[in-house]
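Here you go, one structure.
A, B, C, D and E label the chains in the order they appear, each numbered from 1.
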């Protein structure tokens, strides 16, 4: 695996950068292109890169499937929960305007929340899917 | 709910309750058979009471449930239906007694299932007889087909299953394929399906449509066994004899001709058919069926098959009676429902008794059997006379009216057919009687006596009824008159 | 492409769609089918985006003084549709892997043959 | 693009197919940028060129397949179907407004309100984001659910611990 | 607080329950949750139906954005009726599912099965209530994706290829659908169904709109499995796990039929749209072909599930023919058949599932004579069979009656004849099952089996009761569907 040494070093530098970029995309979505979905994909690609270089087994240790599963589900729950929050505050489902004191603020909060939900689900879904695919070899090898 | 409405409901429910009780008592044969007879007796009483009410002018009506908007399962009693119900219920009582002797004497299996379906079939028959609209009639007509299927295939042999398929295929095929669309068409054309005096189609349809619908109905009612949709009836003869006797001489086939008469009179209306002239062909088809079936019967060696073809031919008497569109002929048709029922059931009972006691099914084996089984063959002789239409039997009465109707409406063809059919009937029944009594027993014939008492008692009773109807035709005649009066 | 007049853009999209469609229905390899499906869908996405385009428009990120924006709605729809597309692709590939494990092949005709022979 | 697509249709090497698909997506993404749909372009690049390619390669790696086994003649039945469908589509385009026509009905009904009011109503300058997340937020919830479905589905189909099942004799339910 | 938000809760509650099950990872909890949610959804659907009957269509603006800008839920009589149907099936199938799922699915995946089930259920509900053409697509895909997975779980490896083919065909169908929606959007600038309906008449003459309708129709017909587009269906239903066959056979094609009715009648305004395009004749033709061809194929099947699958295609033909007649009766036949067919097919697949559970096979030769050992299952099969044939007093008759009425009202005798003929063919293939079940000597595999467990029998009996009850008293469903059909046809200018 030594021949990957350079790659690994570069990757170790790159991966935090990619994650940071993902977060930027996440929060910049309001003003420029981007949003939860794109951020999720980018975030996931950081993991995928990690898994490619260090092996799926190691990657699974960093991000245990169980945790990923939970965030996968939680993302949808955050999204749907935002809708319920709106309901509880007397608005229609997913009506963010009621979430804060004034409508625009509420919208902003709501959009951020659901974008975060999307981010969680998308990133964990992508990681899950990749791990499962890439894990095929590993799992078979263990037989 | 008035008294007669309660009777109407009871007529439908009693057999069903009976069936349930029969299943419940399945493990105790004596109790089960007792329940069977008791149910039949209760039904007979109920129907007789109902008939009395109907004769007194009551026309009870009962809407069970609305199946679809403007389409309900409804029942009512009018004279023709009452006649049919009366025949079926009284003869069921007799058959119930007979069946016990037969089924036990013949060691049939699955007797509980048999009796239960028998009772359910009777309920369906009552539904047909007492239906107040075409859709109810159709529904119970189909139900009757379905619940007699297990009876036809009772033996479970390959032959029985094959016969069952023919039975099922022809009956359901014609009814779904022809009758149902005709009903739907009538519904679309008139917006209703209730039977009404004078018919419901008048003024709604063109003569051409009347003709088409009439054809669809006549052949859609496969149970009337008009040629060429008669094939199912001989096939059904694989069933145990009580089934052949009650269902394929009385309930099922009469449900067919009953439906033909009822639809002719109360849906199309005599006047409409007469004015549109779209029913004339029926006389020829029915006439052909009478003669052709009689001729085929002549060559059948299997006794039950011979009886089956005889039934096909006799059913067409009723159809021809309806087709003449004449009051007297209609009375004849109504009477013939009764007359043929009691005579034919006698004949089937006799055939069953011969099978049980002597284990014989062929006409050619019956030489001299009258000496061993005098009661059975005596009853058979009476039934045969009635089939031929000779006095002093019921068959004479109905044929007389048919003939009168034919004369009055100037239908020479019908007269000719009736005369020819009489000769043919005589030709295929009387030799049996002759052989039974006057030919010597073949050598080495097995020793046997009469069939079980229950069976013999039953067939003696029905033969007595056959004769009685000749001397006391008041009740069926009154019903027939009331029917014709209502149909006008 | 922008310079081409009238309906040409749509026609091109149609051609793309049909290439994808052809790959889906005519090709035997399961993976190839899936990627054909992908092309088919992407072509449809292009179709949507094309219809949202407005001449001399700019991306719908509101800035002061820009009068004409491209229609944002198709973009939104297509964002959703892309996600659906990748979901379908992932699932399809997963199925393809399972099929490969079960049948030992990813060629449709070989699978058909294996199915006909139930051993 | 058409070239890439055609190449994809003809190439037999599956590795190349996946790569072609990636290139195709990238081209599409470029096209989106040209058509002012930057968000979509971003996504297409990330998904079509990124994730889809990676997944495709992973599949190929797992199944250890490289090329289609057979050379296929052009299948005429499907070709005919495709031509008919394409012709129908072309026929459908005939009444379409010209590309980029500002007077097209699509620009006249619903969209202007988003452009005019969304900033006021949601405080988000990127209209695509505001429509996606707020006006049509429910679609996006559905979309997230689709992703969830796919992830669960893949887990279910290929997840670990499948070995017991695979080694068990596959019972032939139909046989 | 709940009542005004019922339309959305109806869909979102099952939706959120799926990820919750995913987190909890427990098969038992997942099952109970699915039961609770489906039954709650059923109750909600009934309440919605009551509300629609009392107060007319309900609309619900999601996110508080008014209709053409935001996504709107719109529940009219038809939606409510379909909603009740789907939730009824969903809540009964989940009861049925537990035992066979425990047997057919590996234990560590069972909770995922219920997650998928709930998602699929959510998707179906979402389709039924949405008033937005694109939103319909999104939920259609939720249903479809989960359906692919569910089907692929069958114990036979052919389930995998069946699911794959379904995936390809289903995605093509969905893509066609969005092509059509895109064209409509292009010409009208809106995606809201009601808004589309208002704006389409102005552009109905355009070729683009013709093609939009054509593509949507073809796309949905693929999902619907109308005759030449049915290839995915028989394998999918045959090889899917029992519980999945029950659920999908009873709901997925029905929802596609609903969507087709919705698009043609609500969006395009009903019969008027048929004038420039021969869509109705084509649908009529293919519907009739479905009815006959699929029945003919069904007659020769030895695998009961496959037989039923082909019969489904044939019954789908009824719906297609009904909606293509373009009159109230015909449309009512389609609508009532959505309910009727769901009920009868669920019943039949459940009965077959019970047999499979005990006998381990669904081939006619292997299950011969089972009805004597499993009298309740046998009787249920019989009831379902009669419904398929359409004998009076069964729900199948209600459909057939409406259909005949619709065809005869237009004076289309040949259509009536085909309907009748298809019923007769149904008689043949149903009777093959009945004969095998009752009148054949018991097969070796049948010896010594018991009746299915109570938890499978309970939904089976409920369905059988529904089949009989609504067959005897069809006024409720009949009136509802006629009212729904009138509302739809009445919207046409």
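The rule is short, and it goes like this: a residue touches a chain if its C-beta (ideal position, glycine included) is under 8 Å from a C-beta of that chain, and two chains touch if they have at least 3 such contacts.
Since the structure is predicted, the reported quantities are computational estimates derived from the model, not experimental observations.
Looking at the partners of chain A and chain C together, the chains they share are D, E.
Chains joined by the most contact pairs: C-D. Relative to the centroid of all protein Cα atoms, the closest per-chain Cα centroid is that of E. Centre to centre, using the average C-alpha position, chain D and chain E are separated by 28 Å.
As a whole-number value, the distance joining the C-alpha centres of chain A and chain B reads 79 Å. Rounded to whole angstrom, the centroid-to-centroid distance between chain B and chain D, based on C-alpha atoms, equals 70 Å.
Averaging Cα coordinates per chain places chain A and chain E 36 Å apart.
Chain D has residues 38-39, 43, 47, 51, 55, 58-59, 62, 89, 93-94, 96, 104, 106-107, 110-111, 114, 125-126, 128, 132, 134, 136-143, 145-155, 157-159, 162, 170, 172, 174-175 in contact with two or more other chains. Across the assembly, chain E contributes 15, 18-19, 22, 62-63, 134, 138, 141, 145, 148-149, 152, 157-158, 179, 185-186, 191 as residues in contact with two or more other chains.
Contact with two or more other chains is made by residues 17, 21, 25, 51, 59, 61, 73-74, 77, 79-80, 83-84, 87-88, 90-91, 93-98, 102 of chain C. Contact between chains, using the touch rule, shows up for A-C, A-D, A-E, B-E, C-D, C-E, D-E. The touching residues of chain A, counted against chain C in their complex, run 31-33, 37, 122, 129, 132-133, 136. Touching chain D in their complex are the following residues of chain A: 29-35, 37-38, 41-42, 44-45, 48, 65, 69, 72-73, 75-76, 79-80, 83, 93-94, 96, 103-105, 107-108, 110-111, 114-115, 117-118, 121-122, 124-126, 128-130, 132-137, 139, 143. Interface residues of chain D facing chain E in the complex, by the touch rule stated above, are 88-89, 91-97, 104-111, 113-114, 134-139, 141-143, 145-146, 148-150, 152-153, 155-157, 159, 161-162, 164-165, 170-175. Residue ranges of chain E in contact with chain C, taken from their complex: 134, 137-138, 141, 145, 148-149, 152, 157-158, 160-161, 163-164, 167-168, 171-172, 174-175, 178-179, 182, 185-186, 191. The touching residues of chain E, counted against chain B in their complex, run 386, 389-393, 397-398, 400-402, 404-405, 408-409, 416-417, 420-421, 423-424, 427, 431, 435, 439, 471-475, 478-479, 482.
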